[in-house]
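Okay, so chain A shows up in both of these, paired with chain B first and chain C after.
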Partner chain A sequence: MNNSFLRVSIWVYLVIFFLYLLGPLVIMSVTAFNSSAFPRMTPWECLTFQWFGELFQDQRILNGIKNSLIIGAGTVILSVAMGLAGALMLTQIWPKLRATYYTIIIAPILIPGVVLGISTLVFWDRINRMLGLGADSFLSNGIFLTVIGQSTFIASYCMLVLVARLQRYDVALTEAALDLGATHAQAFRKILLPFMRPAIASAAVLAFLASFENYNTTTFTFGEYPTLTIELAQKVRYGITPAISALAFIIVALTVFFALLNEAKLKRQELVAAARKSATVEELAGKIKLPSFFAGNMAAVLLVVFAVATITVVGTATAYNPGQCIANVKEQKRVEAEQRIQELRKQREEQRKKREAEEVEQGGAQQSTPKPSNNSGFGNVFAPNTLGGDAEEESSDTETPPSNNGGFGGVFDPNSLQTDQ
Partner chain B sequence: MPGFLKEFFSRNGIGMGAAILGLVLFWTIGLIILPQLSMLDFSFRPNLPPPEIGGPKDVYTLENYKYLIYGPEGGSQSYNAVDLRVFFRTLLAAVCVTIFNLILCYPIAYYLGQSKGNHIRIFAIMLIIPYWINEILRAFALRIIFGETGVLNTLFVGLGIWDTPFDFIRNDIALYAGLGYAYILLMIFPMYNVIESLDKNQIEAARDLGAPWWRIHWRVVIPYAKPGISSGCTMVFMLSAGALAAPQILGGPSSLWFTQLIYQQFNDNNDWPQGAAYAIVLLVTCILFVLAMMRLFKVNMGDIGK
Partner chain C sequence: MSAGVGVDLENLWIRFGDFVAVRDANVNINGGDFFSFLGPSGCGKTTILRAVSGFLEPSEGKVLIGGKDMRGIGPNKRPTALIFQNLALFPLMKVWENITFSLEISGASAKERRKRADELLDMIALPDQGDKLPSELSGGQRQRVAIARALCAEPDVLLLDEPLSALDLKLRQHMRTELREIQKRVGITFIYITHDQGEALTMSDNIAVMRAGVIDQIADGKTIYNDPNTAFAASFVGENNVFRGKIKQIMGNEALISTNRSGELVARISTANQGKLAVGDDAMMFIRPEAFAIAADGVSGDHFVTARVNHEEFEGNVFNIFTEGDGGKEIKVSLPNLGQSFDDHTGQNITLEYETRNAVLVPAGELAAE
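On to the complex of A and B.
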């Protein structure tokens, strides 16, 4: 009984955990299709693809993507090279130096990105000054600084990935090549590099992703070349629009696609290897009957489903026109707003009537008192209540605009201004 | 030429050896050590306009560090209460985020490490996918959820649990959720790596000897997983204390993160030495704190990062 309770609770826990992990991404992706000008799930207005169109017309985003790609390429080259050199050095460094060396090259992972950005900026600024170069020299160029700053810690990630594979490398292979007359460069290119290729590929992917999404370091070094992440941060900080959700949706979809692709490929290799293993000698000599591509490969099936869904969505997007629905929602909002105004008016009218009645009563009561001040010819104009009443009316007036459904069509809604940015 | 270098070159050849050595030296000295030293040096200098740098006024001074503690000279307060409060709040919040993440991730890491099967791979993919998505977009997603008209508020107001929207952002709940969210993977992976290598027989032996499940964790799994736990905690602590994007996007208008102060010094006040001094203070404090914690929990430095 205790055991089954534990099992149930761990499943509940897993569900909650993955909701926390994936829920935000799902919600964000869904908001990309809502026509509401503020990214939200509820109230659902209309299915629309307009935010994708808006996204692709945004020059700053496109420019940011361009800069990100350039910087990403530079970072991949530099940090994989440094990571490989660092890993090779780690395997043959003098044992006494090893611990110190390891601490130094692992430290950038733990140093806050902000600190790395600042130190890069300060250091290269100083070098620039020492060389007597101007403010627009190559060394103070945003792309150069960003590549340098990011590579400082991304190289450490690459080194970790590469050293894991390098540890399985048999040095005898290189030695054999050298004995057979290869030069060191040839041995490196023909023996070591092919062995390291899978690790280099994953290090490169890792480096590119890390560079693409880096914010903390880049924000100090980018200069005139804002990357996509910087542009996104500016947009998000000063107002959020569903166009960002649309971008997020594209990134999520691409990520899922490549994750499935990779998984399907791995599974396929596994299945093929398993089939080879169980094959008889006869089969091996002739043709091996390989399992079909989809058999036992969940990821591949999902991949195809995913691709079909994408094609369907894109297909609908070109044919679908949400104009009518948006017009309906607008009309509905207008009607609602009018109703609300009417109600407000009615309420105010009632209040006024009530107040007048009260004032009459009060006035009557006050007149009966012997106090002389109230009997002036100005009636109750100077009574504090009347002024207060006016003020109240004003405040109830000002209360209407902030609500999104107000009669002003959301002009005063802070979000409407932000979307213009 | 020392023996070590000679051996290195004879092993790798002159050309290859020079390339490897050059890259490693460029990385370790040119990118890691010198910039940090340069920043340290810079933090002890006054804020001068470019023509005066290197001039007679460019002398070492403690002024930037004094500013953090005592505030501007001639100020009304004897201590720089605003910045100091932000600093300690940042550290405290980073500790809280770390503990929250540890509690949240330990069961998952244990589960993933100890069970076998196809679904583990699916879980692993589901864990990794959020980390391929931009940091800014992750914070943005949480802002959609926690915003005043966000999903949570609509839900709770709609259900009638609250009558007015609850301001998650002003109360920093969004910020803590965002920071915790950002570093889940960094907490899980080191723990998972260690727990995966734990021999299942040890757990079974403890169970056979009559230990209840919590004692198995306390006496067997946690001591074994200590290196993983400590590297996870170190990473999460350092990264959340040094986070900039999440506080900028999810932080309330009245509460600042220490990195935001550094950012302001650099970008708004244009006072680089001051910003560098703040960065040094943050870095040194974080390192000292981590070292103290490692001493307290008896973890070796060598275990970290394995």
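On to the complex of A and C.
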């Protein structure tokens, strides 16, 4: 009883949790396929792939992606190299200094990106000037500055990843290599680097993603090379189109693809390792006969499903022409708009008629009542009777508004003025 | 077989800050010898090995390999190969790549390396295992791969840092004979570090007994066992019963000691201490458990000890009697199992007898911790 309640609440919690995590992504992805000019899911108009086309025709976005890739590659190389050096230093340094050194090297993670961006800009500008170089020198190049600026803190992330692996390294391995005649460089290249390879790969991926999504440091340093995030931020200022949703969808799809690929590979390795110890992969996977790569490997199956789905979508996209649907929607919209205009006209017509009728009524009544009804906020201040002799001068200014919808109510209505004459 | 390359340590001091790890070590190791450093953990034996292999520079003194001073020469330039305590096989390389790592460094072709690896794998009795990873081998196999890897570098001196300590007893005993055989076959100098006196005694031509950075004695196994220089050497190598006392009388190479608890006993002064001891000096007499025999009741003299039997145990090859002498002195007696019947002596008083040549007298000194 209690147990089942607990289980249900766990499921409810999980559903809410995943909705919270993935909901925005799903909605954003869906909006990329709606033909509505503003990214939205409802009302659903037409299934369209036009936003992808538009995305790839947007030179600024494409240029931003290109810059992001260049800067990402630069940051990966610089950050991983610095991170590895920092991690190696941490294991070599005199133990009493270790804590201090660690704090210093971790500090950039804690410093706001904005500060790093500004300080990078200021620092390299200083150096540029000290060297007497112009504004177009390499040191003030946007790509160079962005790579340097991002690396200041991304290198710290890399170091954390690399240190974790390095702590499991047995220094005796390097000593063994030296003992067998290797130089320090050879021992590093042939023994330590291969050992660090998985961690270096992780650090590189981490560095690339951190660089790709970075905004607050880049915003100070990009110069003439705006990255994708910068371009997106600038675009949002002028209103966004579903082309951005399309981009988001592509990024999500790529992420899922590589995550599955990685998972499938790892699982495969695990299975192979297990197989070498005892049985064959097929035996371990169970009864269902699948091609060896898929056996017992859920991730691989998902990967293939995912790839097939992608190919299908792309295939449909090239063959599918939403023109008819869009035309329909347009037509529908036009009809709707027309209807609304008609309705509006009708309403106005009715109002006009109503007013005319009222006026006629008023005209009749004015003979008997010298004071017209006045709904103005100004009360009777400007009422012709109160103004008395001044009324004639007023009338020349207030001739222009013919209808009675002014804030002054019926005060300046020529009809009401006329009554005095 | 070549004579091999000798290793000499001359006035070697190694300090870490204020701590002296090795104090004035002087050792001559003959080429082609199997030489062991024997001592408890932390006595500085691994430090000496690292100084020989080049990972440590001595604070003072010299390391000579083949008569050549090794100061300033890095581990990769020395004609030594070290087998690490944890073996340090390269985990990501296959067995054959591990073995021929030194050839890869010297730029040999893969084909050449493979051929040499197969030869060495045959030698260590692991044919067709070259394509496995070290993690797929058993402890003893890994051990042999480490030896093959070191031998592949064709060193003049092979250094072994307690390589058998991680193996189980059976395998350890098997590897002892195997190591000794390999050493005889390749004919190079082996320097072996161990805290296991059994390993040192069975394999070595010569043994250096170390205590807290100091070498107490360098001799062959028999000498160290039968004729120790110091109280430490006597108590560390093998089991021993110690009798403390003062020298009462010296008669040539023998001395009469008035022991604290067991009366006056006669002993042989150990070779290294002959002529150095004087009447009235504090001394220690050591008698091995197996050197005792049970004497007839009631006899007494300067080579008889009386004791009360505390308990007894049967170990298979020997029958151990744990006795308590006068004043609570514990004495262990091991009688070889020759098929005779053992009477239960528990609670009785027995008289123990020894021959003077089996009682060794050394100056009083520090004993090995139990």
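Simple rule for what comes next: the second predicted complex is superposed on the first by the 341 of 421 C-alpha atoms of A that agree within 3 Å, B and C clash if a C-alpha of one lies under 4 Å from a C-alpha of the other, contacts with A are read in each partner's own complex, and residues count from 1 in each chain.
Everything that follows uses one rule, which is that contacts are C-beta pairs under 8 Å (C-beta built on N, C-alpha and C of every residue); 3 or more make two chains touch, one makes a residue touch a chain.
Just so you know, these numbers come straight off a predicted model, no measurement behind them.
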Overlay on chain A: chain C relative to chain B, clash or fit: fit
First (chain B), second (chain C), both or neither touched by A:Leu344: neither
Partner chain in contact with A:Thr183 - chain B first, chain C second, else both or neither: both
Chain B versus chain C as contact partner of A:Gln92, first or second or both or neither: first
Partner chain(s) touched by A:Asp170 [first = chain B, second = chain C, both, neither]: second
When both partners are placed on the shared chain, which of chain B and chain C touches more of chain A: B
Which superposed partner A:Leu6 touches (first chain B, second chain C, both, neither): first
First, second, both or neither for A:Ser119, with chain B first and chain C second: first
Partner chain(s) touched by A:Leu21 [first = chain B, second = chain C, both, neither]: first
Minimum distance between Cα atoms of chain B and chain C in the superposition (Å): 9
Interface residues of chain A shared between complexes with chain B and chain C: 183
In the complex, chain A residues that touch chain C: 170, 172-173, 175-183, 186, 190-191, 194-195, 276
Parts of chain A lying in touch with chain B, wherever the complex brings them together: 6, 10, 13-14, 17-18, 20-25, 27-28, 31, 38-42, 81-82, 85-86, 88-89, 92, 94, 99, 101, 103-116, 118-124, 126, 129, 148, 151-152, 155, 160, 183-185, 188, 209, 212-216, 219-220, 228-229, 232-233, 236-237, 240, 244-245, 247-248, 251-252, 255-256, 259, 263, 298, 404
Interfacial residue positions of chain B with respect to chain A in the complex: 4, 8, 11-17, 19-21, 23-24, 26-28, 31-36, 38-39, 42, 50, 53-54, 104, 107-108, 111, 118, 121, 123, 125-130, 132-145, 147, 149-151, 154-155, 158, 181, 184, 213, 234-235, 238-239, 241-245, 248-249, 259, 262-263, 266, 272, 275-276, 279, 282-283, 286, 301-302, 305
List of chain C residues in touch with chain A within their complex: 53-55, 74-77, 80-82, 84, 86, 88-92, 101-102, 104-106, 136, 149-150, 153
